[in-house]
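Each of the next two complexes has chain A plus one other chain: chain B in the first, chain C in the second.
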Partner chain A sequence: MEIKKHYWNEYQKEIAQDDYFYERSCIRQTFFPGSEATFLKILRKELGKKIVDDPRIHTCTGIGYHSDIVPFDTTQVICARLFSLMNGAGLKNYVPSCVTSFGIFNEVVETWKHFPEELEKTRENLRKATGREFEIPDNIAHPSDIIYNFRKELKQKMKYRLVNKETGKPLKVVEHIGCHYSKIFSEQSIGGAEFPHVLAGMIEEWGGEVVDYPERRHCCGFGFRQYLIMANRGYSIANSKKKFESMKPYKPDFIVTNCPGCAMFMDKWQYTIAEMEGITYDDYDKGIPVLTYEEMTGMLLGYNPWDIGFQIHQVQTEQLLDKIGIEYDPQDKYVGVSGIYLGEPEKPKNLGC
Partner chain B sequence: MDNIKLYDLLLKDVRFREGLTACMNCGICTAICPAAEFYNYDPRQICNQVQSKDDEKIEALLISETIWYCGQCMSCKTRCPRGNAPALVISVLRKLSQELGYFTESEKGRQQYAINRTIGENIVHIGYCVTVEKIDPDMHPEQGPVWKWYYDNAEEVVDRLGGNYKKDGPGALRIIPKESITEIQKIFEVTGGAKLSDSIEHFSEDKAVEMDLSFNKSIEDNDYFSHVFTKNSNHHQK
Partner chain C sequence: MSEKKIIIIGGGPAGLEAAYHLAQQNYKVTLLEKELETGGHIRMDVKLFPDFEDASKVRKQLSDKMNHPSIDLKTGICVNSLFQEGDKWCVKNDNNTFYGDAVLLTTGFETFDASRKEELGYGIYDNVITSVEFEAMLKTGKILTSDEKVPQRIAFLNCVGSRDEKVGNHYCSRVCCINGVKLAVCFKELVPNAEVYCFYIDMRMTGQQYEELYRTSQEKYGVNFIRGRISEAASTFNKRIQLKSEDTLAGLPLRITVDMLVLMVGMEPSKSTTLLAGQNDIKGAYGFAASLGINRNDNQTLKEGLFLAGTCKRPLSFRETIADAGAAAIQIMDFLKKAK
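What follows is the complex of A and B.
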């Protein structure tokens, strides 16, 4: 047992306890604005932490960088500007909302360690372009690292558990880790590439059961240019389909991911496959709900699902809310910030609601 | 240009030096690769061609469809027993292909023009790779009817979810301050980002002329854009 503990320690990472600088994500703020707001609310109101949300932040270039229209020299300096903003706020702990960004920040920092001339070039370029200076963060943690780190404290505040209220049994949860969280710099993730535990730790702590299925670690299929171009999207959907087919026999109650792209694709591709082929991956032709980890956390804390973004999922989430016994007002689902009813989305032909 | 070896140009990129050190061609990168499962693609073979240092082989890669199949998931980096990263090698090959104009010789390479015109322009003009208004349901039918509802009611929905849609101040989907956009643009000018964008644009315009397709500053009424965005010859799979 002691030996096991010793080895497991090698798969841990240091996560700053407080005083964070938050960087919003292109995909997450677009597809899951409620998840970013929920993360900030959890940190500030549930955990009493300081986290700065600076309006001057911007993309890390990640989607452009990995689709190869942005050179690495440019990406390094864009990251350096973001670090400069963090320095200006008097902070040292950088928290990028996106898994792609998390990979990129680790890539530039590792590059600077191994190739000091790249760091010097980046400093010169930033100075020349903006007059700014910067220091490398003491700590880079993904928001899912931080939620994982405080999972026990959050459990004390939760109204619900990941348990079926009718059967009393744990919900079966598929956890999908974004590739760039653990596959590039495994030592920067909880559990590494072999045993990523960042989501499994939350699920197990909060009463659920993790589904271990054959294609658990396969990519969702975003593929950057493989999705951005309409002609290539067969690549993207084929990869998600492979995962859905692999997880289906285990009858998962929902999927949770820590990557904005994965959460979006695994939701939208279920719709597309249903409309193209009439195939769904649950027993009721409604699809498997897909949540972000912030949505999962907010749901269990008792936040109104329509205030944190459950209504903008294509696979409807009421089946999951009902299983847990979460109360919600159906009349409130399609109401906007001004209190007006916005009408309902069109119903899909094959994917049930 | 004639005197400079392509291999030496690849070596100038730090990612190439980091990504390929004495590949022993074990093939584990190909075994784990999602792209190799979907496309006629073999990263092991690409590493072999590149480390031959043979310019003819490297040039063949730069004009090929092959280098555009990688999805950059980086699974190869996890598994390589020598710590290599074929996906980084691919990125460097793609960069050189765009700088030298080889990318327009392949169907998949020509697509870079559409990415430059969408994601590239978004970065330097709005500060993010994508925002809600840039994901038009007509270009993204896979997003489904809930996306269309969200797209049509963006401000009401985003702000209910704690965002700050197209307004000043912090929050999701806010307006990025003008001085930040200016600094992003200056960074692109100083570091070669603008030059690479211009290179993609320039070689694509030449190709549009050769293919007798209309080409203009907007993606509307732009036959070359429509062509590269939608064309799939279906000759890419195994």
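What follows is the complex of A and C.
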């Protein structure tokens, strides 16, 4: 990437070093079910950190809030209850898995800073509804912040690098940052809003090369009002298409994102575009694999790709695994956790496997 | 010859002009300039708007007047302290101290650091440059992209660092609109077949002959003007610059790829302006020096014997600066006569 000045250096933030309270995402466990489990494994096994995964967590209301279905008063109380769970675990560092949630929590806390009466109202509402009290977290960090923060330590433990094993050249990686990670509160993003470095830092540290393409900062295509309102879904796929067309000349080896919606839409819309128009964005009609940052980290640490959940992806990842030289057993791809063969899904017409 | 001595801090157009007027009236003037050459920002210009007068010729005319026997020009003097001591003004740098009966601050402006507008990619993409860099290229007689090609499509963006809440500068820098028109015309004269697009908020053609030049740029040179700010600049695969904007007259989003993007950087107070104004409790909005009144007494300050001229007060054009320097000289002479 053509970088003369490292803007991102000016945007650093405090990231807690240990003792995290983890809030799972509503949608990630369906879209990329191995990602969150992989993150917890990395933190506990590789980094030896304490992280509490509380089964009582619930929505942050993010999607409903941004769709004008859930009023802000409700959102504040829901967030307050989640903070209360964190307090109950004796922790002060909040780690929401989802980028939308990350934006919501920062918005709520920022609101309370500027409007203390909102904080008091929320305390009162939570007390009335649940009998609970809460304290604002000392630190709110996205899991991608934490992986970024420990990227050098993780590199020491990695079995693979983001390098083409045949050519020895760095893999070309498109990184896509969730809008609500960096564009709402740029000071909460490593690297700021225009040149976020949270994923680029991981890619560069682990041997890859970041692709700086013209539509790098463009929306992935989720954009709540584009997708959640059925009549607007044409806008959603049009946005994704614009990005794919823009990145295609650079021949990226894969895409990595830090947002549930971005990973989902950039993966699934490739299938849809292939079916609708017969177009794919790689040279082999297989599409560009889309990984979450946890999957990318786990893959390089040498975790079994099928334990990470690569078989759930729409664009298949074997082409990427082969490029890096990652060992895997194709026979295990559709074997469930119980050891039972689950059967192969129907193959798409135009997107090769 | 009067025994009264005036110290002028800043050897740009305002300082040079005022020094000459005061010297002509037999006052002793010490002119302190931090650079090794006088002329200030005019040294970087090729032509002046709106009449395309040769900037180096104008600068030479101003500098030649410094040979006046009553003017003691000292270059390479970066003033870091200014204060009153009894009925004298004391001016210091690291090694020297100068005393005067009056001081004229002509410490001027600095151009806005375009890298603060991160979305425009200055400092990242080779073919995103500032108006100062473009003018420097014009001096060589060649406008070339980073790979030494003559650009065939070029965009100018007005108001970079001005009228911009995000960077904290609400004010208009006054000269960028007409300077952009001037640069667009200069470029079209060099590369007549090239396409030129100027993105603007408003075209503020408030000076004499400005509106005429704006019209000529369109009718004679075919320069295109688009009312809209650029929200994002990004490099394409072949190192061109993709721009995103909105044509607010057409009400449509706009995406265009150009060979070069020129950022019309606005004015901010120079570090010396902010420092010396701060030391004397005359720091005004945005760090410029504050005069006693904008409508009247615009060269005087709250401090008796401390005067202001030129762009240390606010953005001004060259011709306004020259007029302001003359006015300041009269005010100073008036003050010194009364001081007798």
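Definition applied: the second predicted complex is superposed on the first by the 341 of 353 C-alpha atoms of A that agree within 3 Å, B and C clash if a C-alpha of one lies under 4 Å from a C-alpha of the other, contacts with A are read in each partner's own complex, and residues count from 1 in each chain.
Quick note on the criterion: a contact is a pair of C-beta atoms (placed from the backbone, for glycine too) under 8 Å apart; a residue touches a chain by one contact, two chains touch by 3 or more.
Note that the structure is predicted; figures quoted are calculated from it, not measured.
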**Prompt:** Once the shared chain is lined up, is A:Val198 touching chain B (first), chain C (second), both, or neither of them?
**Reply:** neither
**Prompt:** Can A:Ile63 be said to touch chain B (first), chain C (second), both, or neither?
**Reply:** first
**Request:** Could you tell me if A:Asp54 is touching chain B, chain C, both of them or neither one (first, second, both, neither)?
**Result:** first
**Message:** Just checking: does A:Leu291 make contact with chain B only, chain C only, both, or neither of them? Give me first, second, both or neither.
**Reply:** neither
**Asked** Is A:Ile140 in contact with chain B, with chain C, with both, or with neither (first, second, both, neither)?
**Response** neither
**Asked** Looking at the overlay, what does A:Asp212 touch: chain B (first), chain C (second), both, or neither?
**Response** second
**Asked** So, does A:Ala231 touch the first partner chain B, the second partner chain C, both, or neither?
**Response** first
**Request:** Would you sort A:Thr130 into first (chain B), second (chain C), both or neither based on which partner it touches?
**Result:** first
**Item:** When both partners are placed on the shared chain, which of chain B and chain C touches more of chain A
**Value:** B
**Request:** Quick one: classify A:Pro249 as touching chain B (first), chain C (second), both or neither.
**Result:** second
**Request:** For chain A, give the residues common to its interface with chain B and its interface with chain C.
**Result:** 193
**Asked** Considering the complex alone, what residue numbers of chain C touch chain A?
**Response** 115, 118-119, 123-126, 232, 234-237, 242
**Request:** Going by the contact rule at the top, pick out the chain A residues touching chain C in the complex.
**Result:** 2-5, 7, 192-195, 212-217, 249-250
**Residue numbers on chain B that touch chain A, as the complex places them** = 13-15, 18, 34-35, 38-39, 68, 71-75, 77-78, 85, 91, 94-95, 98, 108, 111-112, 114-116, 118-120, 123, 127-132, 135, 139, 142-150, 153, 155-163, 168-174, 176-177, 179-180, 183-184, 186-193, 196-197, 200, 228-232
**Message:** Which stretch or stretches of chain A touch chain B in the complex?
**Reply:** 24, 26-27, 29-30, 33-34, 36-38, 40-41, 53-59, 61-64, 66-74, 76-78, 81, 103, 111, 114-115, 118, 125-126, 128-130, 132, 179-180, 182-184, 186, 193, 218-219, 221-226, 228-235, 237-239, 268-269, 271-272, 275, 306-309, 311-314, 334-338, 340, 342-348
